[in-house]
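There are two complexes below, and they share subunit A, which is joined by subunit B in the first and by subunit C in the second.
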Partner chain A sequence: MKPYLVLGCDRSASRALADLCRTGYVLPDEVEYRTLPCSGSLDVLYILRAFEQGFERVLVLSCNDDACRSLDGSRRAAQRSARARTLLSEVGVNPRCVSFRQISPTMAADLCIWLDEFVQPLPAEAEPEKAE
Partner chain B sequence: MNELVAVIGTGYDADCAAQALRSHGFRVERIVQGPSAPFQLSTLEGYVGSFALRGFCDGSLTALSVGAVVVATGNERVPLTALKKLPQHARIVSTKQLASQLTKPASITERASRQRQHIALTIDLMTPASREATREVIDLAGQLRDKCKCEVSVLYRELQVDTDWLEKRVRDLRAAGVAFHRLQAAMPEPDAEGITIRHADGQLRADLLGVAQPVRPRRDHPALAEALGIRVGEDGYLQPFNVHLYHFGGTARKGVYLVGRCHLDTDDSGVRQDAELVASQLAVLLTVNGTQPEAVLAWVDRAKCIRCLTCIRTCPHSAVELADAEGVTAAHVLEAACFGCGMCIANCPVQAISMRGQAVPAWLQEAAP
Partner chain C sequence: MIVAERKPIAELTSRLAPYRRILVVGCNTCVAVCSAGGAKEVAVTSALLRIALGREHPETRVDETCVERQCEVEMNAELAPSLGNYEVILSMACGVGVQTLAEQFNTAVVIPALNTKFMGRPEGLGEWSERCAGCGNCVLERYAGVCPITRCSKNLLNGPCGGSANGRCEVDPERLPCAWQLIYDRWVALGQLDRYLTNEPAKDWSSSLHGGPRRIQREDIR
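And now, the complex of A and B:
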């Protein structure tokens, strides 16, 4: 089971990844990449079930604002990622486990940097200061 | 396959669209918009290749069956009287008025040589520059210089010369003696003798000022967009600023296209180019590929559907409708219109919609209830 899951929009992230792979880039072994037909189709349950099944981190890649063929898809994905983070923090999971980024098909170089960052260990969540 | 294409609009944009479509072998039905038009468009039903344009004709509801719809309504020019800060003076006229006077060559030459020694033209005096106004002013400056032999100055805040033709034309005009000055915030000051205009290099004194009328989106765009099931952008034009669709007039609804200045800031040559692009897109869509559905499609389980209409409201492509079959009323996905984006699936409250043609990952399948 790979620990990291990337959910990318077919019209932006997948094209950027394809561009990146043409340059010889190989997706890290610990990353599973799944294509979404549109990031608007992302459901909160989709993210939560990924954690149920053992994924440790999820990265959602959506089109830039106003660049979505389905008009509101990227905005919906942003809202649902935020909702998933809220739900995870309510059950005691570090909300930073869910990341959301916006990308265009020409941002292969940025994607490379983001994927490198994504597989780095997550910084520990700061504990709230205890009142004396 | 219905190869009749409805072109909505009048004027140059619609003419270009109709001409380009005819050159690709389509039959064209022109539809005029406006309160006094014979056909009042109400709704657009169906899907690409089999649209039904419904509307009122002579008071009765009629339907026109078309394969695709092309909107070429153009934009509006703001009259100078609507520009409140602009001084109203006989020496300040619109560039259109000046251009119409050029159609009387004998009189204008005579008058220009005697009276109008110096004519100033502004591209974007009070509003952001548009390509249409830029092209209009550059053309007019050339005509005034060549035909009337007057001294011409062009004033601008932003000079959009982003095509080879326009760049060469501006260079030629400079070489021919037309002065180009960047405008400053101050308004022109007309008096009995002439007009004083301040610019970045100083000030000039002109006998006549030609102001290009600003452009704005048509006011009937929201009603038209609602009837066609497409969206109006925040700036009032018929397309949200969208980098994927911007280069040709595609909309989120398959088979509905936009041509010209109803969605683009462009000049006449840009309109012709846009019309040709849309006609070739339609030629592929309606004739070569037909209306083959996408590989991945949404599918509604009629037994689960609770008819809440959520999918119909959220579908950005107008691909879902209510349909009766075997005594059951339920949501139905029009395969030819569906892009397979999956947005209805994520929004369906009873999980009655699923994706056909796409493998569900094993880890998601196992966890599904």
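And now, the complex of A and C:
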């Protein structure tokens, strides 16, 4: 079972990934990539089910604002990712396990950096300050 | 419609901790419309419970289903054959649905997953507001169609109070319009401002819940 899941919009992320792979880049072994027809089709349940299945982190890649062919898809994906973070934090999952980024088909270099970051361990959460 | 919201997952997991076979039952009517207990919310809540409860007890089974109206015994009958497979029912209906399940299946443990809030209406996406307190003796006609019992923070039947400023209520000026300003504006729009001067006598609350549990019997349709 791969621990990291990337949900990418077909119109932007998948094209950037294809571009990146043409340079010889290979997706890290621990990452599974799934294409969404539009990031607006992302449902909170997709993300929750991923954690249920055993994924440890989810990265949602959506089109840039104003570049979504469904007009509202990117905004909806951002909202639903935020909702998933809130729900998961209710059951003790670090909300930073769900990331959301916006991308265009020409951002292969950025995608390479983001994927590298995505497989790095999450930084330890800051301890809440103790009251004197 | 009846408006409700889900209890925090931590509260649900603490109630469900002793059980390993859980059936989450939603209701496809009011609480589905207010996005609290319909099929979608049942799926989300079940997924969260599987994640939370599965950590300590991976053998925990959380199944999900939805009935059309949990407040009607006929609609719940479809649950009966499978109930023997579960130790507990988590009801995602309003309090009426929870009680109906508990009455109908009197050997089943039924736990409420929602807090039933009020009778209200949607104000827009993701927002609902209270509109009716079910007082049992509707007086809307005397208030130009604006209910002072639910919409005035002080439930004043003769108003406004001194806390009305610029059409807003002092209790929460950002969110709450003054109900009495709304009543005034409606009387003006209807050309019946003289009715604003009518003094209402004290209301008889015996028709409300204060008069004890209520029941309606219609002999003509029994």
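In the analysis below, the second predicted complex is superposed on the first by the 127 of 132 C-alpha atoms of A that agree within 3 Å, B and C clash if a C-alpha of one lies under 4 Å from a C-alpha of the other, contacts with A are read in each partner's own complex, and residues count from 1 in each chain.
Definition applied: a contact is a pair of C-beta atoms (placed from the backbone, for glycine too) under 8 Å apart; a residue touches a chain by one contact, two chains touch by 3 or more.
Keep in mind that what you see is a predicted model, and the values were worked out from it rather than measured.
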item	value
Fit or clash - subunit C, subunit B, common subunit A	fit
Superposition-derived comparison: subunit B or subunit C, residues of subunit A touched	B
Partner chain(s) touched by A:Leu111 [first = subunit B, second = subunit C, both, neither]	neither
First, second, both or neither for A:Val98, with subunit B first and subunit C second	neither
Which of subunit B and subunit C A:Glu52 touches, first, second, both or neither	both
Touching partner for A:Glu90 - first (subunit B), second (subunit C), both, neither	second
First, second, both or neither for A:Ala13, with subunit B first and subunit C second	neither
Partner chain in contact with A:Arg69 - subunit B first, subunit C second, else both or neither	first
Overlay on shared chain A, then closest C-alpha pair between subunit B and subunit C (Å)	6
Overlap of subunit C and subunit B interfaces on subunit A (superposed complexes)	49, 52
List of subunit A residues in touch with subunit B within their complex	11, 34, 36-38, 40-43, 46, 49-50, 52-55, 64, 66-73, 76, 80, 104
For the subunit A and subunit C complex, residues of the former touching the latter	44-45, 48-49, 51-52, 87-88, 90-93
Contacting residues of subunit C [partner subunit A, same complex]	8-10, 13, 40, 43-44, 47-48, 50-52, 54-55
Complex contact set, residues of subunit B against subunit A	231, 240-245, 252, 296, 316-317, 339-343, 345-346, 355, 358, 361, 363-364, 366-368
